[in-house]
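There are two complexes below, and they share chain A, which is joined by chain B in the first and by chain C in the second.
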Partner chain A sequence: MSDVAQRGPAPRVVSAVLGSPALHLIGKRLLTAVPILLGVSILMFVLLNLIPGSAAVQLLGPEATPDQIARLNEEMGLNRPPVTRYLDWLGGVLHGDLGRSLVSRQPIADVLPTRLAVTGELVGLAFVISLAVAIPLAIAAARRPNRFFDKVSMVVSTGGLSMANYVLAILLVLLFAVRLGWFPAIGFTPVSKGLGDNLYSLALPAFAMAFPLLCFYARFLRSDLVDQMQGEDYVMTARAKGLGPWQVLLRHAFRNSSFGLITIVGLNISGLIGATVIIESIFSLPGIGQYLLQGILTRDYIVVQAIVIVFAVVTVLANLMADVLYAVLDPRIRYGSH
Partner chain B sequence: MAVTEVLTSSAAIPEEATPARSSRLWRRLQLALPVGLLALVFFACYILPLVAPIPKPTGGDVLNSLLPSFSPGHLLGTDPNGNDILSRILYGGRTSLFVALSVNLLGLVVGGGLGAIAGQLGGIVDNIIMRLFDVLIAIPSLALIVAVSLSLGPGVGNTILTLAFFSVPAFARISRAETLRLREQPFMVAARLSGTSIWRIVVRHLAPNIGPQLMTFAMLGMGIVIVIEGALSFLGLGIRQPAPSWGNMIFQGQLSLSGTPNLVVWPSVALFLTVVGFNQLSEALRARWSAR
Partner chain C sequence: MRIRATLCLLLAGALDLTGCTKPGDTGNNNQVGPPQKGGELTVLLDSAFSGSWPSGLDPATNTTGGGNLTQMLAIYGGLFRLVADDNGKNAKVVPHQAASYEYADGGKTVHIKLKPGIKFSDGTPLDADAVVFNIKRDMQATCTCKPTWQLADQDPITAEGSDTVVLKFKNPSSVVVSSFVVSNVNWIASPTALQQMGPDAFRIKPVGAGPFKVVSDQLSSELVLERNPTYFVQDRPYLDKLTIRSIGGDQPAYQALLAGQGQAYEGMTTIPLLEEAKKNSQLVVTQQPATSPYVIQLNTKIAPFNDKRARDAIYYATNVDAIRQGLFKGAYPATQSFTADGGLFHHATIPGYKTYDLDKAKALVQQLGGLTVDLGTLSAYVADQVNTALQTQWQAAGIKVTIHSEQLQGLVQNFVGGKWQAMLQTAGAWDPAVGVGVGFRFGTTSPFSGISDPTIDDLLQQASASSDPAKRDSLYLQVGQRISDQSYAPFILAFAPASVVTKNVHGPGLTTLIPPVVVNTAILWDEVWMSKS
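Let's turn to the complex of A and B:
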């Protein structure tokens, strides 16, 4: 990081970047991420070793002879002491080798990119939908607080918050796929077969994931905007110099409120990734969540371990990104006066 | 679960702006409606099967399978095994409510206690406790819960234990943050300086002060746990058939969605209403306690 920065063209910019609290924050947070990820890997290893019934028995079925089981255990290296297995595994992960699936015998690192792409697209789409609806909705509601539109949209979004996304997913399938036939009920069309078809196949799952989030964002942003509009001095200044209400709302209050929204969005990434476990299985999308569930159901604990680590890395990075973005955007935090 | 992560990890939920023209009636309704709704849910699940002629949730007659809603004797119809759907919803609700209450109680006592101790003692104790919880929080909740439940196995007790892995750290974070806020208050300094033991400080001085925040979160947590327990049972890792649970009913119904949508719709309605009740109660409590 610092090497790259030092070779930069403008020395003043370089020193500003190097001395910036944001960079300091990144460094500090990256350091604390290491023990967290180690902890996650140890916890998962211990938990998965506690699973009743060995993987070999599971793979060979109930008729397996003890001899066969012993041979498979030997072959998969499952008869070595747990500590050795953990350290071997950790060494492999640090070299980008996540191990081989016990069931398909495929290296996990080979399968992961295509699956990550599907999940990434789904999560990205869910964020885009939720923000694209929530921001205009919140602004419109905050324009006249406690009036009709505000009340209605807030009651609806309170209901939406209480909607489990798997229930919503199934009801969407029931309505739009089974009854109306507008969307495919399940399945995934890759981007290579056309972006339109691809988005079409992801529309229902993305919306099911986006809706509770959308409601939360709309409520969060709306109440933050109302707070800003009612209590802040800069709003009064802007009004006093003759700006119209929409301009004050959009150019002043919204800019301030967007900081909080960014933090929340960053914190949500981990939750959305967790939600893909269930959403991808409902819509049978070949993403990483479905892969995790398959691994769980077939007791392929190498796959489970690998994916949980990937999840944890993404979560830690997302939280880090949110923190840094917040620090970079908000001068009060950037200069450490708050 | 998206909402879960949002609600547990955002310490920054701003207080609702107080409505300019909120009448007293509205305020009362805000509390009375969710309380009434939840009372209805509890009554239906725990008392109704005792007094009303409701069939058993399991062991139905296959000859009666897949009756439509509003059939005589089966108000909401029957499932593929001939079990009464209404009865399964009510008995499944008992499981959901019991699991949710236990998980939140565990979180409140264990998580709240550890968080308060960590915040009060600071230093190495704080570091150890909170770093351990950081590990749990770094795993997306559903992935963590799915992995834990796999190693513990299905069943009510194990489901509770599994979900506690998620609720305890969340409560601990809130409790610690609140404790830190109170730590330098005069009454806390006085308690410390007069040599009060840590247990007494936590129980007598901290608990009454951080209780409201934790209770508000616990109500929110009830809704969250009910949803996650549903997800777990939906995936076949929580409560297993033939024992009823809203999650596994929705899953079973989803398999024949086009033919018999009522299998999915009724448990979904029950789930939704209960979660709305708890969420609204949490909101009403927050409004009430922050207004003091």
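Let's turn to the complex of A and C:
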């Protein structure tokens, strides 16, 4: 009886999976994430303690007397040494407890899911819009570089890159909500009240976040595609085999160019989450960006720490996903040659 | 339309105003028909101030209660409230959930009788025991919105029967009832609901006896309220639903109003947007009467302002009209004392008040052998603009000026440290004896005062103790005169918020004038209604 027959098919699969370079990669990345998250939490705690003003001062306002400030600081436990406060918080997090807001006394774990859902959907939609528009745009522009369509798309994308998303947000509201009345200017409708209404309420904020991104992606992808099409041997080989220009572009050049795009998308996640702070404020969306802003303004370090940790986890996972996608797209990585 | 707008601007110029409305006008030319029942109203509040309620809406634990008047009044109503004629005149505090009040024992005791039969929205009674429970709890609050009462040592807050609350004080006071409308003791929460829910849940979904009850509350984001069916005033409130939504400032709020996602916005201060709104036929702008002027506090306890000549130089070097016109297009009135035309005991002018005179300022600076001033303020767009203008004006008189704006922590530290020289601040309140009143900025014992003057302390003490309005008026006039004569603090102008509503919205404090009690006006939400058109 052969070895394979003796071991049976199941152990063979398990062994193959455990030996997979992709799995090693995921494991390695997750282990690396631990010191990153710890470092982020320490850095954030130190920064929050360096910012002038305590939660008590921010909450009580300019009319507060020193006695009132001291009393509220004591009530919120802010009179304890910073190291003690940090270790208490860390202990809670390690036991799965993100703590309670200093200011509202609400458990963070109760608040985060609903707010995370709003922001997650907003960011997800922004990515979908940006990629759905940028990819065809870049391919069409790269098909005939420096021709009319390419030049127009370059001008538009340069304009989009020069415009801050909050300025765009205000302009979008003025045009599509105030002037045309097509979309709401503010507010959020949860999915539970209908997917159509939900997407309708997020259309403008998602587009305001997506537009600068799609301009960036379109320019980046177009340049890379043009480089691939003009200078790579495999493109010449494909052409020599008799493949048409669209086939070469879509089946060969785009596949190669998508590596760069995936890297950029992975890196953009944190920036996009950061942009939600201002976009959610403009569109009055009850998301995590708005919650973070409130936490910073009231110096509620428990809230800020929890959100920053969530942001860090999302960023780490997004980059991990990008790495996994490389493996899916590139056999050299999948089979461990890189 | 262009002609109408031009006429509007010309008229505005003639009236020394920015638009066709002026403080004193309701701005509400769309008052049509009797109030109608029904409707859902979304009110937008600035996330940086009134739209921020991070610690919840329990009167005893809400640390931003003074900014959250709209939320608190909609949920709790109030024992008392401030009402006024539609043009803001004859403002007075009247009993609301209270039926009446009576001062006794020479002003050391106040009896507050409650209206019978009032119930909280959970069905439990709002009686004297509930009020006593609340006031005792509120007095322990850390909020600056708790009253600064000097309560008697023995049984200061007691119930007399089921309908009367007795408050006892160490010293006579005539302003106890006025202080209710600017403080958390006005908002009575259901003790039963508090006990059942626990304080942490209660602060998120509190129970009161006001015109609305809480449906949902996402702190500092969105508060959804619906009509309280057990509300004690018959056929009120008019509205079925009131949604309070936090928004990131004047510009997004204005756009949301135009897009129909909100029907009211409180506290707009951006002048170009206000001008735009005034020209828009779909909107009604109501400029509330001012009560709290900007003042340049001078620290008379240290150099250079322990020398009266230096203080005089600042008075003469300050061109208030240039600031009013240049920065605010004349929208806010100049003032020479610690209140404004919306406040009690206001006097437009103070005899002998030193106004702008550059030559005199230069001469004084020369006499002093030069003058160097450090001018601070709390970091805010308007305050920073005013400080920059002051720096330019004072430099023209030969004064060397450095300006800086502080965050809250820095500002408080500066005041407490006592090393500050000049600070641009706001002073005053509807009643000078309560809230951030005149004592806060000019009393010897206040950490936020730059002067130590027993004469002023005595006058202020007498004014808050007296129940005779004429006597109080005379005493406050003397305080204003003393501040002016001693050149303690030049006043600039009285800043006031404006409300912007869609033209189908009507109501006291939104489309009629009521003097602001803290910063914003206390809107009477049970009287707010929407026309169907």
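We adopt the following convention: the second predicted complex is superposed on the first by the 287 of 338 C-alpha atoms of A that agree within 3 Å, B and C clash if a C-alpha of one lies under 4 Å from a C-alpha of the other, contacts with A are read in each partner's own complex, and residues count from 1 in each chain.
Definition applied: a contact is a pair of C-beta atoms (placed from the backbone, for glycine too) under 8 Å apart; a residue touches a chain by one contact, two chains touch by 3 or more.
Computed from a predicted model, the values in this text were never measured in an experiment.
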Partner chain in contact with A:Gln290 - chain B first, chain C second, else both or neither: second
Partner chain(s) touched by A:Ser281 [first = chain B, second = chain C, both, neither]: both
Touching partner for A:Gln106 - first (chain B), second (chain C), both, neither: second
Partner chain in contact with A:Val173 - chain B first, chain C second, else both or neither: both
Which superposed partner A:Leu60 touches (first chain B, second chain C, both, neither): second
Partner chain(s) touched by A:Glu75 [first = chain B, second = chain C, both, neither]: second
More chain A residues in contact [chain B versus chain C]: B
Partner chain(s) touched by A:Thr158 [first = chain B, second = chain C, both, neither]: first
First, second, both or neither for A:Val40, with chain B first and chain C second: first
First, second, both or neither for A:Leu272, with chain B first and chain C second: first
Shared contact residues on chain A - chain B and chain C: 52, 170, 173-174, 178, 278, 281-282, 293, 297
Chain A residues touching chain B - in the complex, by the definition given at the top: 32, 35-37, 39-40, 43-44, 47-52, 145-146, 158-159, 161-167, 170-171, 173-174, 178, 209, 212-213, 216, 220, 223-224, 226-227, 230, 260, 263-264, 267-268, 270-275, 277-278, 281-282, 292-293, 296-297, 299, 304, 307-308, 311-312, 315-316
Of all residues in chain B, those that touch chain A in their complex: 1-7, 9-10, 12-17, 19-21, 131-132, 134-136, 138-144, 146-148, 150-153, 223, 227, 230-231, 234-237, 250, 253-254, 257-258, 261, 264-265, 268, 271-272, 275-276, 279-280, 283
Chain A contact footprint on chain C (complex, rising order): 44, 47-48, 52, 54-56, 63-64, 66-67, 142-144, 199-200, 203-204, 218-222, 245-248, 251-252, 255-256, 258-262, 378, 407-412, 416, 425, 436, 440, 447-448
Chain C partner contacts - residues on chain A that touch it in the complex: 52-54, 56-66, 68-69, 71-72, 75, 101, 103-106, 114, 170, 173-174, 177-178, 181, 184-187, 278, 281-284, 286, 290, 293-294, 297-298, 300
